[in-house]
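What follows is one structure encoded as structure tokens, with my remarks underneath.
Note that the chains are named A, B, C, D, E and F in the order they appear, and that numbering of residues resets to 1 at the start of each chain.
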Amino acid sequence: MSSEDILSEIRRDYIYRLVRNGERIDGRKFDEYREINIEIGPIERAEGSARVKLGTTDVLAGVKMQIGEPFPDTPDQGVIITNAELIPLASPTFEPGPPDENAIELARIVDRGIRSSNAIDLDKLCIDPGKEVWMVFIDLHILDHNGNLVDASSLAAIAALFNTKIPNTKFGIDKDDERLAINDIPIATTSTEIDNNFIFDPCLDEENAANVALTVIITSKGELCGMQKSGIGRIPVETLPNIIDSSINMGEKIRKILLKALENNITV
Amino acid sequence: MSSEDILSEIRRDYIYRLVRNGERIDGRKFDEYREINIEIGPIERAEGSARVKLGTTDVLAGVKMQIGEPFPDTPDQGVIITNAELIPLASPTFEPGPPDENAIELARIVDRGIRSSNAIDLDKLCIDPGKEVWMVFIDLHILDHNGNLVDASSLAAIAALFNTKIPNTKFGIDKDDERLAINDIPIATTSTEIDNNFIFDPCLDEENAANVALTVIITSKGELCGMQKSGIGRIPVETLPNIIDSSINMGEKIRKILLKALENNITV
Amino acid sequence: MSSEDILSEIRRDYIYRLVRNGERIDGRKFDEYREINIEIGPIERAEGSARVKLGTTDVLAGVKMQIGEPFPDTPDQGVIITNAELIPLASPTFEPGPPDENAIELARIVDRGIRSSNAIDLDKLCIDPGKEVWMVFIDLHILDHNGNLVDASSLAAIAALFNTKIPNTKFGIDKDDERLAINDIPIATTSTEIDNNFIFDPCLDEENAANVALTVIITSKGELCGMQKSGIGRIPVETLPNIIDSSINMGEKIRKILLKALENNITV
Amino acid sequence: MEIDEKPERFIVDGLRLDGRKKDEIRPIKMEAGVMNRADGSCYIEWGNNKIIAAVYGPREVHPRHLQETYRAILRYRYNMASFAVDERRRPGPDRRSIEISKVSREAIEPVLMLEQYPRSSIDVFVEVLQADAGTRAAGITAASVALADAGIPMRNLVSAISVGKVDGEVVLDLNKIEDNFGDADMPVAMIVESGEVTLLQMDGIFTKNEFIEAMELAKRGCSQIYDIQRDCLISKYKKLDSD
Amino acid sequence: MEIDEKPERFIVDGLRLDGRKKDEIRPIKMEAGVMNRADGSCYIEWGNNKIIAAVYGPREVHPRHLQETYRAILRYRYNMASFAVDERRRPGPDRRSIEISKVSREAIEPVLMLEQYPRSSIDVFVEVLQADAGTRAAGITAASVALADAGIPMRNLVSAISVGKVDGEVVLDLNKIEDNFGDADMPVAMIVESGEVTLLQMDGIFTKNEFIEAMELAKRGCSQIYDIQRDCLISKYKKLDSD
Amino acid sequence: MEIDEKPERFIVDGLRLDGRKKDEIRPIKMEAGVMNRADGSCYIEWGNNKIIAAVYGPREVHPRHLQETYRAILRYRYNMASFAVDERRRPGPDRRSIEISKVSREAIEPVLMLEQYPRSSIDVFVEVLQADAGTRAAGITAASVALADAGIPMRNLVSAISVGKVDGEVVLDLNKIEDNFGDADMPVAMIVESGEVTLLQMDGIFTKNEFIEAMELAKRGCSQIYDIQRDCLISKYKKLDSD
């Protein structure tokens, strides 16, 4: 075992001991998030953008729109493409190259929440049925990875969409630029299992100490619009209802934080 | 030398000794094929399909058709694209990834037989000259590799083409779906050199023991419509006429087996 | 240190000692080029071609033209695409595979000279504004690498362009094939720093011994139309004017050699 | 191109369009030990899904730097033949199959005793030859049997199935049209004995109560799948005995 | 798509279209130590450029065969976010970013004491979050500060800026429209103290005299950039002290 | 785009369209030792084919895991310049060149004494600068000379040529239009001395008798090629002597 492995073993034991006593390394409660910081529209050149910090986890979401062809089976709907880049700037464990399975899983979970909740009204993104529709590219640029990328990325994505203006004029469409219509605010809430407890918004050390994470995405109405178990652990069926209760609760709180950030942004 | 190499050396010697006595490890004659098993149409979702077993060698061919643009130099002809996947399920020596030189060679030999024999009437696959033609994708999925993939794949390909229906209705062409017209039945026959004898339908051990293989593809009329020498061995010129005689003979026999399988399939 | 490293260290010392005495390994002056050999049009099948030898450095440039779409921001201009292949035939240090950073840098420097000098009149390459323009592919095939690929490649590229005929008839355009109009003859001149001296047209040993190279590209009017510092060395600002004077001087001489080669070619 | 359309109703008179009840699974055929070269294998037909799972290992790891000192690594490759779906897909992994491979590996790994084979690999290959809905659950189910067939030490089998929602009702084992046009899809893998979930994904919309109902249905479904897996392995061994 | 057009004139009454004088640089904000995971970092806003540079190392080299026995290797990755420019770019390196990464690495390497860390690597990552003109110069400038912030031994800072020509006149620090439609662009990196150039590229047309004038301007520009870099590092250390 | 068309007849009054007889080869120029860096090389002009073959080795194998303990490995890369054919081809290997590289390697390997250089590699690079028909045969022919020029121990030279069928008649050394529109094409490589075939491919249609006739023609063709190869090597050594 390398000295690094031993250190991480000690750290792991410490985290487990704390959790057994109802505590966490940074003093949070089991269902408490780190400080959430949402910056709306930092990238003026994008159609929409938002930067979200969960503690020191730092994600920048940019939205670009282009005109393209619809899929043959949905000729009158716009297209969403979600992509995540785990750039090596964000963590010593990220390597340059095409997205690996973790980046792909991350992008697909974020995508699932937006799609299942119908957050974007795809019908309104049709320009010429069967021929031209808006393509909405949601690009997640992970800047600093200190745990719980899923919740930070999901939040950055929906915040960026709220900030998005359809670039009609840039593409020669005879209409003013207009806000992208947003129907719902899906919020991803991720918890991780340590000593049979599910603790929310794990920081990186907690994430590494745990074997399994569960993401539950919550609509504005408090419904589930996406789930993903990740990691090699097992989840007892009977624990699921409690996790979901907490997720619904957390989703509500985070949504309020987002709405406040959007409000502040508009008034400024 | 690893113990595995030694074992294979012993195995090789054994095969050579047998052949010197006119025998083969599984008791076959030099120009005898393993049991040929042809299942027509196992993949209902494909336009055509066939699964061929040569002993335990197991190949699944699927045919899909799409509408695409013709090549500029043949504006009124359909397009054939043949692809082979040596998926790692089929052999411990196959690795995931894009087709390597063996997969490419395999696909190109199969393709050569179909193309040179004019098995498919490409003129009939033109929809709108210069603009729209049928593209026939022949995909070879190797499931179990126990030697002589070339003959098994070639047989699976032509069997699948026989089973193919042009999906007119699916692509909005105002015609009933119709059988793909097949003009010829090219049969690939491969033999491998062991101790100056050419033995047909080599099993994997024989294939590994030999240095050189020769594939001869035979049309329904008994002509040659494709050849490929494969492997680092040398073939004395004077042995070629005999090999070709055997190939013509074998081609005839295998073609009958295929026709019988097709007949059984139709009556069912 | 490997014996090869030691050898190259000794070689390096030798080169430095020579330069300190105002000499070079092959007896040239600091601003003297190796023998320049230009063959015009060796590849009849290309629209234009030229093969340039700088001593034993050997580069073949081929120009092919195709009809394609213009870029959206220059709807009435043709397109230049420059590509360099450092094929493993040319040097034991070149490996097969997609262009690496050295091949990309080389292609981009050559491209820069042609583009900045407006050597090709892109406006004349428009066929149907916004829809069809000529695409000029300049492909650099490095055959023997003995130093100073930049100057050899740049010279081969412009020589090949001079030799280029627009293939109107081949693409069904109702005009005779005609010479590509060339407005300028940019000449790249590269020098490399050894012991604070900048020596031109470095051979491979000199290139390896030096830390930094500077390419200055010179138009027919004696202006600068491209520069590139390459390598990890530093260049004192005050040395630049002298280098540029030499480059302007060298550019003039090389341009004459090219013009002579073109003249000889036409009279033949 | 003609596209299947969303039916007006998915459930008529308590029966689904293919005649099943809401908690009924599609017909399943499963056979172990079907491949010659692989160390273990399983062929499954589940509805119109046709899938082969094969296992190689424990074996030496290539490339070597992937080796782990104290345990075997598990690799899982979910792949679809290019002719398995209506529109030909380009061969090779896409984003969907990469995600499925990851979550399937994580669904299987909990039951394997990887610490018994340090420095080696266990490789699971799942080939979807024809795809109906529910291929990842069918793949995991078959992979689990193929691992047992290969004699890889396992604490338990993993059984998987999908539950979903159509016409506002929770149903078991979605077929293709229910999957394409339904309101929710939730693939679940479980260790039936312990009631532990090893795969859980969901898209579409569930209320909390629907989720609980769906999970209950999934549990019962997995239990049926488990019985089929066990029978398949028993008949394999019986066949071996009688050979 | 609407395309920005070349303005009739770039300089009116001695002032550029954004109100700057010919030798005036755009507003710059620079902050060191902004990232948590990286060993050193710097965020820079330069005009409308928004760029993060981060440094990891000295650290072990992967893959191992890239190790050098007597020195550290320097790697430099210039990357642009897909949303950084007007038209979305596909993620991943293109030919332009590969060339910029190479010349930027060669611009930084002369000041690093790589021989102090045999067998290790120092990795510089420059992420362009929003691109105006001059991203490579801004990236090198920020990378230099990030390296200092990481405590990598350096002989000096490297400072970079672009000079160019518009309306036939040599100007400092091109903005986007000047870069797109101007007559020449020349990014320069320097060690200000020694007056040595570590990056020099040029496209467009310069006479020799214009080049000399441009180089003079670049020198003065780099000197200003150097002051901003130094101030940024000082305020970082002050902040550390006061914490 | 204008496309060459199939001529009405390929053979008129016993002569082919380029004036050759049925068993006549195109003009060939061959020169060994033409490259400076490579250990051995050969430039060939064969009809309008222009091809360089170069050899490096025996040399250390990279990457190391490709090494073989008891013999050298042979690598063979057939590549076509993007401007070598009428329509520009994208640089890099395609399926055709990968197959040609494989069968060409297998055509050359039988004459090499690879066991003399364990753990090393011999690398053959064939660059088609301009392509007429018969590039693989010309490449093998040139590669064989380049290997001899590099001093690689060989049991024999390999000589190659293509035979085919036009207007129902078997002809030697197809040119481009015969290759594109003819009835059959069969590239053959041989060890002339022993009468052994080391490359044999065929497409199109041959009866058995036509095949036998074609093979006879190929033998005679290879024999002529062999003489040219030998002369080329002799004049190389003569030149060395006289230098």
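In this section, a residue touches a chain if its C-beta (ideal position, glycine included) is under 8 Å from a C-beta of that chain, and two chains touch if they have at least 3 such contacts.
Each chain and its UniProt protein: A, B, C = Exosome complex component Rrp42.
None of these values were measured; they are calculated from a predicted model.
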| item | value |
| --- | --- |
| Neighbouring chains common to subunit C and subunit E, by label | none |
| Shortest walk length in steps over touching chains, subunit C through to subunit D | 3 |
| Number of hops, subunit A to subunit E, where each hop joins two touching chains | 1 |
| Repeat of the C-E interface, chosen from A-E, B-D or B-F (over half of contact pairs identical by residue number) | B-F |
| Centroid comparison with subunit A (C-alpha atoms), farthest chain | F |
| Greatest separation from subunit E - chain, by CA centre | B |
| Geometric centre distance via CA averages, subunit C-subunit A, whole Å | 49 |
| For subunit B paired with subunit E, centre-to-centre distance based on mean C-alpha positions, whole Å | 58 |
| Distance from the mean Cα position of subunit F to that of subunit C, given in whole angstrom | 31 |
| Intercentroid distance (Cα basis), subunit D paired with subunit A, Å | 27 |
| Junction residues of subunit B, two or more chains touched | none |
| Numbers and ranges of subunit D residues touching at least 2 other chains | 1 |
| Running round the ring (origin subunit A, first step to subunit E), the chains in order | A, E, C, F, B, D |
| Subunit D-touching residues of subunit A, taken from the complex the two chains share | 72-73, 99, 101-102, 104-105, 107-108, 112, 115-117, 214, 219, 222-238, 240-241, 244-245, 248 |
| Subunit B to subunit D touching residues, read off their complex | 42-46, 49, 56, 58, 60, 62-64, 66, 83, 85, 87-92, 96, 98, 137, 139, 141, 143-146, 169-172 |
| Complex contact set, residues of subunit F against subunit B | 1, 3, 95-96, 98-99, 101-103, 105-106, 109-110, 184, 186, 190-191, 194-208, 211-212, 215, 219 |
| Complex contacts: residues of subunit F adjacent to subunit C | 1-2, 35-38, 48, 50, 52, 54, 56, 59, 77, 79, 81-88, 91-93, 123, 125, 127, 129-131 |
